[in-house]
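Both complexes shown next keep chain A, but they swap its partner, so chain B is in the first and chain C is in the second.
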Partner chain A sequence: MKVTFPHLGNVYIAAKALFQGLGIECVIPPLSNKAALEIGSLYSPEEICLPFKIQLGNYIQSIEQGADTVIITGSCGPCRFGEYGEMQMNILRKLGYDVKFIVADSPSDIGIRELFKRIGYMTAYSNKNKIQKIKSLFDAIKIIELMDSVEGEARYKSGFELRKGECKRLLNKCKSEAFNAESPGEMIEVIQHYNEKIKNVEFDAQKNPIKVAVIGEIYTIIEPFSNLYIEDRLMEMGVSTKRRLTPSWWVKNTALSPLGLNSMDIKKASKDYMALCIGGHARECIGEAVLAKEDGFDGAIQIFPLGCMPEIVSKAILPKISKDLGLPIMTLVVDEMTGEAGYLTRVEAFIDLLERRREDVLSRC
Partner chain B sequence: MFYLGVDVGSVSTDIVLIDENMNVIEKMYLKTKGKPIKVIQEGLKKLNEKYDKKQIKSSGVTGSGRHIAATIIGADVIKNEITAHAVAALNLDKEVKTIIEIGGQDSKIITLNNGVITDFAMNTVCAAGTGSFLDRQAERLDIPIEKFGEYALKANTSIRIAGRCAVFAESDMIHKQQLGYSEADIIRGLCEALVRNYLNNVAKGKEIKPKVFFQGGVAANIGMKDAFERELGFKIYVPEHYNMMGAIGVAILAKRAFEKTGESKFKGLSLAESTFISSSFDCYDCPNNCEIVKITEDNKEIGCFGDRCGKWSGRINEKVL
Partner chain C sequence: MKIGLPKGLLNYKYSTFFETFFFELGTEIVYSSDTNKEILDLGVKHCVDEACLPIKIFHGHVASLRDKCDLLITPRIMQIRKKEFICPKFCGLPEMLVNSIPNLPMITTAPLYFFSKEKLYSWCIASAEKITKDRSKVKAACTKAMEKQNNTSYGIKNQGFRKNIALIGHPYNIYDSFINMNLVKKLNKLGVGVITEEFVEEKDLDIQIQKLYKRPFWNFARNAFGFSTFMAEQKKIDGIIYISSFACGIDSVVIELIKSGIDEFPFMVLKIDEHTGEAGLETRIEAFVDMLGGGINYESNLSPLR
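Right after this comes the complex of A and B.
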């Protein structure tokens, strides 16, 4: 068995450690790129959302390298993501690829037994004992948490750094060194090392950078290729960014959701505007916008793929929040376009607006 | 002493010179035709006949082609169109509260308060309702684009045209044409459809308060101005240099930058004699496979764009440092 999985930000690093720990062969698809998008759009239904297309491209690029099993997370929630697994299976089968799908749905949807059964398909190929299996799972969770911590710190601190570009350089080095580590243990050490380094990046006490929260649909904000690397761009502009939705957030949120204890802060913040889960992460988007204001952010950027139902709903609510709280919010819709000029214009103009707004507020004091 | 502003847009490239009092001394409206470098060279060549390099203190660029333009002319200010348009409008009238700007591929709304941009929005994934679409319809009906708006004013009634999507709008127009409706009525219907689309899409959730400025190439179309006024219920203003506002704004910013620093990177007006070659290639050094554009001036590399890692785009700066 050779497993593969779609990309989602830094998850591939943790996934590599997981399968290494389990002793299962794994093919990591090339980082999402134009070729993946082209392959994906060729075979996907035209009107499906962007993540579907990129994921399909990821699979096919992996299958070409010998992968025979695809592992994805599922969702029975009321958004198109719920049909991803089935439709992707169908498309790949029609294309003549003989691959098995293991869809890890949340236990509240399919029951814990079914989930274990599905995981069992995979772990049957592992020759490690139970303790080792559990250890590799915990190692992987630790890695993704650490990676999210490094990335989060680097993105936030880049606005304050004394030597321009230091955070970005450390982040990129951390990713490549972690990925090339020999074992899960070594990988943890590498990331911990960089985590310390980033925490100790020298601050410029004079700086008061623009702070922007990145909110919206989870895939398009985490997977950098899909949002034309917006976080890197903002980093280059000296803007501090924060994104609450991360892979480790997702793990925690999914684990706690059967108890209703997931993301209490976000739920509380979204209560006045959207008290229900309407699918996807619309409620989270709303809550994060409110929290961005509470945390002293200058603005928020909402990103979602064209046609994303939950985010269209939150887009309609955001102007109200923006007005009530005095927090500028810009919406960016991403699709198959890779021309960046128009996209960057909007981002630049938004940052300009935030800067001028701040100057204006200060001058009126 | 003059300041140069260049706005490289999808359809037109606008070049202006302003003086110390921010009066427009020279203005040029050139069709970009997909060759931004050539058009900039042509424009500067014309300026070169009348002016001397020393007379131009500093320069600024804006528009979707601003990065390429900046590399070529050595711009001091590179600004997005939104800021540039707002600066130009505020320079004319401090009271302006809303700017409606419709260009070739973009449409924007900018709201201002006390001379500060408070909000803006641009069309997202669709260019329906912008200048290129009007251009195409004018061409199809065989009416010069300059006359297009006048036709709308001649209409007795307006025909409803679906404005949500350019492709559907076109088929709707064709169907109505085949039923025998007059050209003028259809054009007026089209203007109304575009205004409806703009207000429902770009300006959704934004408050449009007077005084409103209408800028960009489409502001030349009096049919559109008329449709906006009827829909909004108050007068909107089209500034004299409506199609140059981006270039004027960035020239003003270039002037401010010069006043601050006292120096300029402007390469001069003799650029027309240089040979610029832009070539593109895919970089396969990592899975990102970026499309790199390389620009050379007389066989000397002056800039690269399009990479993620900075390996190409950072090369020139590294050499200078």
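Right after this comes the complex of A and C.
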């Protein structure tokens, strides 16, 4: 069995460690790229959202390298993501690829036994004992948490750094060195090393950079290819960014949601505007916009794929928040046709607006 | 107190319930007019750009009623059957309306679940809060409304046509003749009868659903998939027309599921949005009917010796 999975930001680093720990062979698809998107949009239904297309491209590029089993998570909320597994299965079968899908759905819908059966199908190929299996799972969770911490710090500090580009350089080095580590243990060491380094990056106390919160649909904000590397671009512009939705946030949120203790701060912040969960991460998007203001951010950028149902609802609410709190919010809709130049112009214009807003005292009245 | 009942979305299906309930409470009910160009324009003006046509039209209905009533019925329908959602936009509908349309009167924001009496009752209490505090009156009205709703039948089933097709789509696309430009009438004129998803038994739907890897978590998906594969399998119809609004998230999935479930069975998807031209729609319907080998033979007036 050769396992593959779709890309989501830095998850591939943790996934590599997980499968290495389990002793299961795994094919990591080439980082999401134009070719993957082109393959994906060729075979996907026209109106499906962007994540589906990129994921399909990821699978096909992996299958060409020998993968025969796809692992994805599922959901049973009203968002389309829950149906991805079934549709992707159908499409790959029609294309003549013989692949097995392991869909990790929530136990509340398929039952805990079925979930264990599905996971058991995969772990049966592992020759490690139970303790080793559990250890490799915890290692993977630790890696993704550390990785998110490194990335979050780097993105936020890049506005304050004394030597321009240091954070970016450290982040990129961390990613590539962690990925090339020999074992999960070594990988943790490498990331911890960089975590320390990033924490000790020299500050410029004079600087007061523009701070922007990145909010919106979880896949398109985490997977850098789908948002045309917006965080990297903002880093280059000397803008500090913060994104609350990360893979490790997702893990924690999913684990705590049966108890109702997940993301209490976001829930509290979104209460005035949207008190109910409507599927996807619409409520989180609203809550993050409110929190961005509380945390002293200058603005927020919402990103979602064309036709994303939950985010359309939050887009309808964001102008009100923007008006109530005096926080500029820009919405960027991405799909396979998004043109880079137009997109960047909008981002630049938004940053300009935030800068001038600071200078102009009257704008605050 | 005046109650505003906007047409549009699932009010096409559940208006009997809302009507009876508020009538029993002794309130006056104001309806919005049938969907027309002005309502569409109002909706497009107020609604967020990315939303689909039915949501925009609902915004239009609400906007047209806002000065005529004290309480607007904007149902936040969460689930119709247990564990079967509708669409995230329905769940967030009141928020969308409040934040997009200025100067709205009071609106109903309580979540509405149709599958259990208790949950329906709690919606009734929350919505009638401003009208009466008398719980027994609300309960009586709720029970009566439920009964009436259950006794109302919906659906289109034409008989006596040479060719028959199954018309699939969300109720608000099928029953709003402005959105679909009188599709049913147009088909009938071409000599084609129409049948809709209400005329299939629940147990047949359940059997069809078994074919899917995953139990669909949308009510629309269950009905549309179950109905179309059942009809195609039973050969009760000659073709299927799916009427879908542009950028509908649910349809983008359901259409694919149906396509892989019915094989080579004649199937056409009609996309509609606020720019759809009537002539183009007609041409596509005519072509589809021609393909089915039915309809009125316009070319019969030509001489056989061409």
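Here is the rule we go by: the second predicted complex is superposed on the first by the 360 of 365 C-alpha atoms of A that agree within 3 Å, B and C clash if a C-alpha of one lies under 4 Å from a C-alpha of the other, contacts with A are read in each partner's own complex, and residues count from 1 in each chain.
What we mean here is this: a residue touches a chain if its C-beta (ideal position, glycine included) is under 8 Å from a C-beta of that chain, and two chains touch if they have at least 3 such contacts.
Note that the structure is predicted; figures quoted are calculated from it, not measured.
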Once the structures are superposed on A, label A:Thr345 by its partner contacts, choosing first (chain B), second (chain C), both or neither.
-> first
Determine, under the contact definition given at the top, whether A:Lys53 touches first (chain B), second (chain C), both, or neither.
-> neither
Considering only touches as defined above, state whether A:Asp232 meets chain B (first), chain C (second), both or neither.
-> first
With the two structures laid over each other on chain A, which partner does A:Lys175 touch: chain B (first), chain C (second), both, or neither?
-> neither
Could you say whether A:Lys211 touches chain B, chain C, both of them, or neither, answering first, second, both or neither?
-> neither
Which superposed partner A:Leu306 touches (first chain B, second chain C, both, neither) = both
Examine A:Leu353 and indicate which partner it touches, taking first as chain B and second as chain C; both and neither are also allowed.
-> first
Broader residue contact with chain A after superposition on the shared chain, chain B or chain C | C
So, A:Asp335: does it touch chain B (first), chain C (second), both, or neither?
-> first
Contacts of A:Pro30 with chain B and chain C, given as first, second, both or neither = first
Overlap of chain B and chain C contacts on chain A, residues 306, 316, 319, 333
For chain A, which residues count as touching chain B in their complex?
-> 30-31, 33-35, 225, 229, 232, 306, 316, 319, 322, 328, 330-333, 335, 337-338, 341-342, 345-346, 348-350, 352-353, 356-357, 360
In the complex, chain A touches chain C at residues 45-49, 74, 76-80, 82-83, 85-87, 89-90, 94, 103, 105, 109, 273-274, 276, 278-280, 282, 306-310, 312-317, 319-320, 333
State the interface residues of chain B toward chain A in the complex, per the touch definition above.
-> 64-65, 67, 79-83, 105-106, 114, 116-122, 124-125, 204-206, 286-289, 291, 308
In the complex, chain C touches chain A at residues 47-48, 50-51, 76, 83, 85-89, 91-92, 95-96, 99-100, 111, 212-218, 221, 246-253, 255-257, 260
